[in-house]
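Which chain is which? They are A, B, C, D and E, in the order written, and residues in each are numbered from 1.
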Amino acid sequence: MNGLVIDDVSMIFTLPDGGEVHALQNVSLHLEPGELMAVLGPSGCGKTTLLNIIAGFLAPTAGQVHLNGRQVTGPHKERGMVFQQGALFEWMTAAENVGFGPRMGGATRAEIAAKVGHLLDVVALREFADEPVYRLSGGMQQRVALARCLANDPDVILMDEPLGALDALTREKMQGLVLKLWKDTGKTIVLITHSVEEALFLGERLVVMAPRPGRIHKAFALPFADQGVEGDTRAIKIQPDFIATREEILTMIWEMEEEIMGGGNTG
Amino acid sequence: MNGLVIDDVSMIFTLPDGGEVHALQNVSLHLEPGELMAVLGPSGCGKTTLLNIIAGFLAPTAGQVHLNGRQVTGPHKERGMVFQQGALFEWMTAAENVGFGPRMGGATRAEIAAKVGHLLDVVALREFADEPVYRLSGGMQQRVALARCLANDPDVILMDEPLGALDALTREKMQGLVLKLWKDTGKTIVLITHSVEEALFLGERLVVMAPRPGRIHKAFALPFADQGVEGDTRAIKIQPDFIATREEILTMIWEMEEEIMGGGNTG
Amino acid sequence: LDKITVAYFLEWPTPNLVAQAEKTYDEALGVKVEWRAFGNGNEMSQAMASGDVHIAYSQGLVPWVVAVSNGLPLRLVGIAAAYAEADNCVVHADAGITQANAAELEGKRVATPIGNVTHYKLLRTLEHLGVDASKIDLVQMNPPDAVVALARGDVTMACAFGGPLQRLKEFGSVLMTAAEQEAIGIRVFDVVSVTEQFARDHPALVRKFMQVTDQANATYAAAPDRFNETIAVAAGMELAAALEFLETSTFPSVEEQLSAAWLGSSVQAFIREVAKFFAKHGQLDRALDSYEFAIDTSFLKATGP
Amino acid sequence: MADRKQPSKLAVWLGVADNPFTRQKTVKFGDASAVNSGRLWSVATVAALLFAWWAVTRWGLLDPIFWPPLDGGLYPWDNPARARPGVVDRFASLVVEGYRNVPLWEHVWTSVRRVLLGVLCGALAGIPLGFAMGLNSVARGLLDPVVEFIRPIPPLALIPLVILWLGIDEAAKTFLLFLAALFIMLIAARAGVSSVRISKVHAAYSLGASKPQVLRYVILPNALPEIFTGLRTSMGVCWGTLVAAELVAADQGVGSMMMVAKNFLQTDVVVIGIILIGVIGFTIEMLMRALEVWLIPWKGKG
Amino acid sequence: MADRKQPSKLAVWLGVADNPFTRQKTVKFGDASAVNSGRLWSVATVAALLFAWWAVTRWGLLDPIFWPPLDGGLYPWDNPARARPGVVDRFASLVVEGYRNVPLWEHVWTSVRRVLLGVLCGALAGIPLGFAMGLNSVARGLLDPVVEFIRPIPPLALIPLVILWLGIDEAAKTFLLFLAALFIMLIAARAGVSSVRISKVHAAYSLGASKPQVLRYVILPNALPEIFTGLRTSMGVCWGTLVAAELVAADQGVGSMMMVAKNFLQTDVVVIGIILIGVIGFTIEMLMRALEVWLIPWKGKG
């Protein structure tokens, strides 16, 4: 089967005191190549765990993940990652960060330079190529992280709250970039976010997860991502449809939280 | 003159290399007692500087601040602060944190206990009174910070991105709490935020600042805060008015950023 | 004053160790006498400068000279022991160096406690044998360490005193025997020194100390076999090693000490010689013209039998 | 992959089985937290060392001067003059009879007492000075040259002067240990003041606290973790300086015992001393760590 | 409040005027970054100490045995026996003539060389071992008991054994310094591995890096700041251990010079030695700090 297949994955963490945390329970998903799935859910519902399993950093207690028919057993460059922050190599320049994947793969200098130049153009950071990344602003750093991930031309891009540490405005701009890159490259993308708006705006599909045990609560198919590429980002966000879905999901999470976790524990 | 009067305040930081940063230029504002003013603006426009001057932590290079006719020359308990995070005393329990102000003021044990009990009820944390604060979640910590600030019954409450570190949902719940407290206590509040939505939702007045030099770009009078107390938080946020104003301000900031700072520098 | 502190050496078997062990000193002086072990005589000087140590029993002459030349208020009040045989330099057996080819020591490494009698003897011996001392790599080592260094062959020659010297002899032979050294006028003896202030404030205690010491020497001389065991244990040595030291050392009586052979005149002359010698070798900034002011035989004289 | 069987506690402790935390991780190289304890190998190392010690003396492979036999009875060398009591016997005799008429526990206690006293004095002087440097410009100016220039001087270098000034009694030893602890405590306290998040101080002032109250209720508790780390470090450093301090004039203490034993080539006593020093140092460190968890539970949680 | 006049650079340096950073702050007590340097007081302290030194000898208030006169010419005591060359003259003579036929710079260079060699050896052994402990469970198991038990043993305590094993040559001294540096470097390297943010390692693997590549391109550069801190610490500690190491057999080196001078009660040489050790220690520390800023600009910016 082509695409990313998550097949009845469960994950139980054993705590040092012998207790168990059911971080994921019987999660099954199927992403066709080129789909963008947003994952939403309250803190501790297993979003990061799910992503780590797909990336191959964690072995699930039960179930398997397959990508294009091959079982996932560890990290591989076919599955790229974009982390929230702090995953850039601060001892390298922006260009060196972007060129890291090809360099590890044994590409020649010229190949690397060409690829890096192109990708820095894509994320509009050409002029900052030789800056050490720690001198860049948060938004610029995340653009470097995106470019670094793309440099290896992965089949799937996994993003764990990639825009979570940015301020509201920068975040909005970056959403446009992510959308554009998705359309341009046709990658399969799994995007985890805390922001309902972001999930709605970016996701082609939206999965809402619930905690204890971590599981899929509800899944939506969304129309907004397709519009985003052409129109202005903000134009979409004020559509009545967008607002209605946003409200529906917010209410759902809100209620889910209150029901499952009780008011006091989550505020 | 009653209320908080910010009179032609300028702030110039001298850098170690002799350069100068005009963090604030001729900022004048007047808040009547009981007003809630939200301050919005891109990173580095002097929001925190302004708040620090009102709080009395910084002396402005020019201009003065008066509260109820008395000039501000240093911190005082008439002006309470709520910081983004990490300003709680982690070596104390929630109750001890809340009781800190009265205790410093020499209140008796019984007085402190009564006040703390009441305030913990207000922020719905009674049962966590004896927990050390580092065991509480981010949202609960901010509620403790609010209660601690209220314990001294200040005339003005200054908040510097008080909800900035919370996740989207917790944040939304906290917005309701802030609004409720404002209505119940009738305090003058200055609230700094990065989130346009939050500024619109909470602010009775909204000031948008622009950077380099830090200055007031535009001021609005808003209707939403008044509605928020009765209705559901989310009900307001989907009003067409709300959405329209939100868009207006977002566009304004977006353009301001692009015009002043250039695209590359801020993404 | 409820306690006085006396500095002494371990592995230095003197007859008065019996008195030390049997607390004769404490009884006679009427105060608690605390004995503290030191590594070399210079450390005794430093401790006396601070006022913590009142009496140094068996301080080497050279450390005493160094101290007095540098202005430390120490007073020589008696002679503790003469022990030419118990202080010497041993050449490693593999080096093949004897007096005849002693010049081969130049460029080699030699261990000695610097600023001690041993050091003085070494320099005098080398001078006598026509060796240029400045061409020798002289390293400061206290006797126990020197044993290890020679045993391992890290040094070609090691100089030491007391118990460690006997262990040194396991690994080589002496460069020059004690008799040969005495023949060229090298004397080796330890003194009893006290701080000036102690001598001034508590002359009676000093006198009694000298008295007990003299008695201990006399008692031992009368029947050495009775005490050898006690002394060896107190010194922390094997009986045989202690015996060797005791048999080859002399512990002059009060009368002998006051005679011309010792404090009558010859010690004073020898002291000046030592001081000049070290000054010439640049170890002392200057030798005093006279050391008489620091020698006080009044306590000995007051020690009636 | 679906293996839900739990490894036994022993296997996890020994590090032969993955612990609950690490077992699900596929990427272990580079993830220090996923590396097992490997304690089986520790046990093996210790056992092998002990066996080697026993073996070299059993078969006379090592001159006892260089390393003492574990058991003298196992030591039938042809040269009886070089036979030694063996570390085990010697240890027994040290416990029962003592060394140089002083019981072993008294040597140990003397040393520990000196270290505790030195650290205590260092803390009593260093913490207020460090606070003063962090809070006041005059104090900072006055103390800066002292701290910057005297600190790099190792206490051992001061021994000649310290003997001249303070003699050979406890005062000299305590002074050396005090010096070793002083600068560590001073710098720790100063760092403690600097580490206060300024928003905490601002919050306190805004809540009406006075300067002494800010010092007492904000700066002091906030600096406690750093101060405690300082205490832990100075315990370690003082324990290291102890041997130097006890060089001064050998009387009592583990260091003195070793120095005297060295002079008599009693390698067995030296080795016992080294092991004692290692064990006590290790114990102190463990006690301090436990104390820290107990006293300052909020450490690193601000 | 509206005073825009800039204080002079000198005034700011001296700490008598607020610097650009602190001048606008109203809350200074509790804000360590707002405390001025107070350097005027430092200058005053140093001047006062020098004056006191000059004065006590000028008016004969202190016995030169306890503290040497600054200038012998200023020292007309009634007892000419106690006249001394003075530290200044002595220093000149040490520079020109040397001590015990060895020029002063050679003593200094010998000591510095020993420290550098010790630290180098410690780093060469400690860094790979520390990495191994952070990356591999067998290495961790094998080395853990060694690290935990041998580390608390001060090098000085090992001197008797080291002399037995390695003699009194450079090998013994280097070994002592090596030991002092080894554990610091090992722990620093291990901490360096542990400090790698796991997301960096994950990112590297996801980008197709192999284990050696992760080690080379991620773990090593990420551990560099910690390793450098380790180097800085071990320089300091080795400098402190140097005097102990040069005790072994005093021939050359600042520590040896002091030990010999001590035997001749040449307090002036001892004091010069102490000052030299302080100055060199301070210089090394400053050089290392500068080097760190230059070599690892990204420190603390991950």
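Some observations on this one:
Here is the rule we use: contacts are C-beta pairs under 8 Å (C-beta built on N, C-alpha and C of every residue); 3 or more make two chains touch, one makes a residue touch a chain.
All values derive from a computational prediction rather than experimental measurement.
Chains touching both chain A and chain C: D, E.
Of all chain pairs in this entry, the one linked by the most C-beta contacts is D-E. Distance between chain B and chain C, defined via averaged C-alpha coordinates, is recorded as 82 Å. In terms of their C-alpha centroids, the spacing between chain C and chain E amounts to 39 Å. Chain geometry summary: the mean Cα position of chain A and that of chain D are 47 Å apart.
A separation of 20 Å divides the Cα centre of chain D from that of chain E. Residue positions of chain E touching 2 or more other chains: 27, 65-66, 164, 202, 204-205, 218, 259, 262. Chain contacts: chain B has residues 57, 74-75 touching two or more partner chains. Residue positions 46, 49, 148 of chain C are each in touch with at least two other chains. Under the stated contact rule, the graph of chain-to-chain touches falls outside the line, ring, star and complete shapes.
If you check each pair of chains against the touch rule, the ones that pass are A-B, A-D, A-E, B-D, B-E, C-D, C-E, D-E.
Contact residues of chain E toward chain A in the complex are 197, 199-200, 202-210, 213, 217-218, 221-222, 224, 296-298, 301-302.
Interface residues of chain A facing chain E in the complex, by the touch rule stated above, are 55, 57, 74-77, 79-81, 83, 86-91, 100-101, 104-105, 132, 134, 148-149, 151-152, 154.
Residue ranges of chain B in contact with chain A, taken from their complex: 42-43, 124-125, 127-128, 137, 139-140, 143, 167-170, 172-174, 177, 194-196, 234, 238, 243-244, 246-247, 250-251, 253-254, 257, 263-267.
The part of chain D that touches chain E in the complex is made up of residues 15, 27, 29-33, 35-42, 44-46, 65-66, 134-142, 144-146, 148-161, 164-165, 190, 193-194, 196, 198, 201-202, 204-205, 211, 214-215, 218-219, 236, 239-244, 247, 255, 258-259, 261-262, 267, 270-271, 273-274, 277-282, 284-285. Those residues of chain E that touch chain C in the shared complex are 63-66, 79, 81-82, 84-85, 100-101, 163-164, 167-169, 248-251, 256, 259-260, 262-266.
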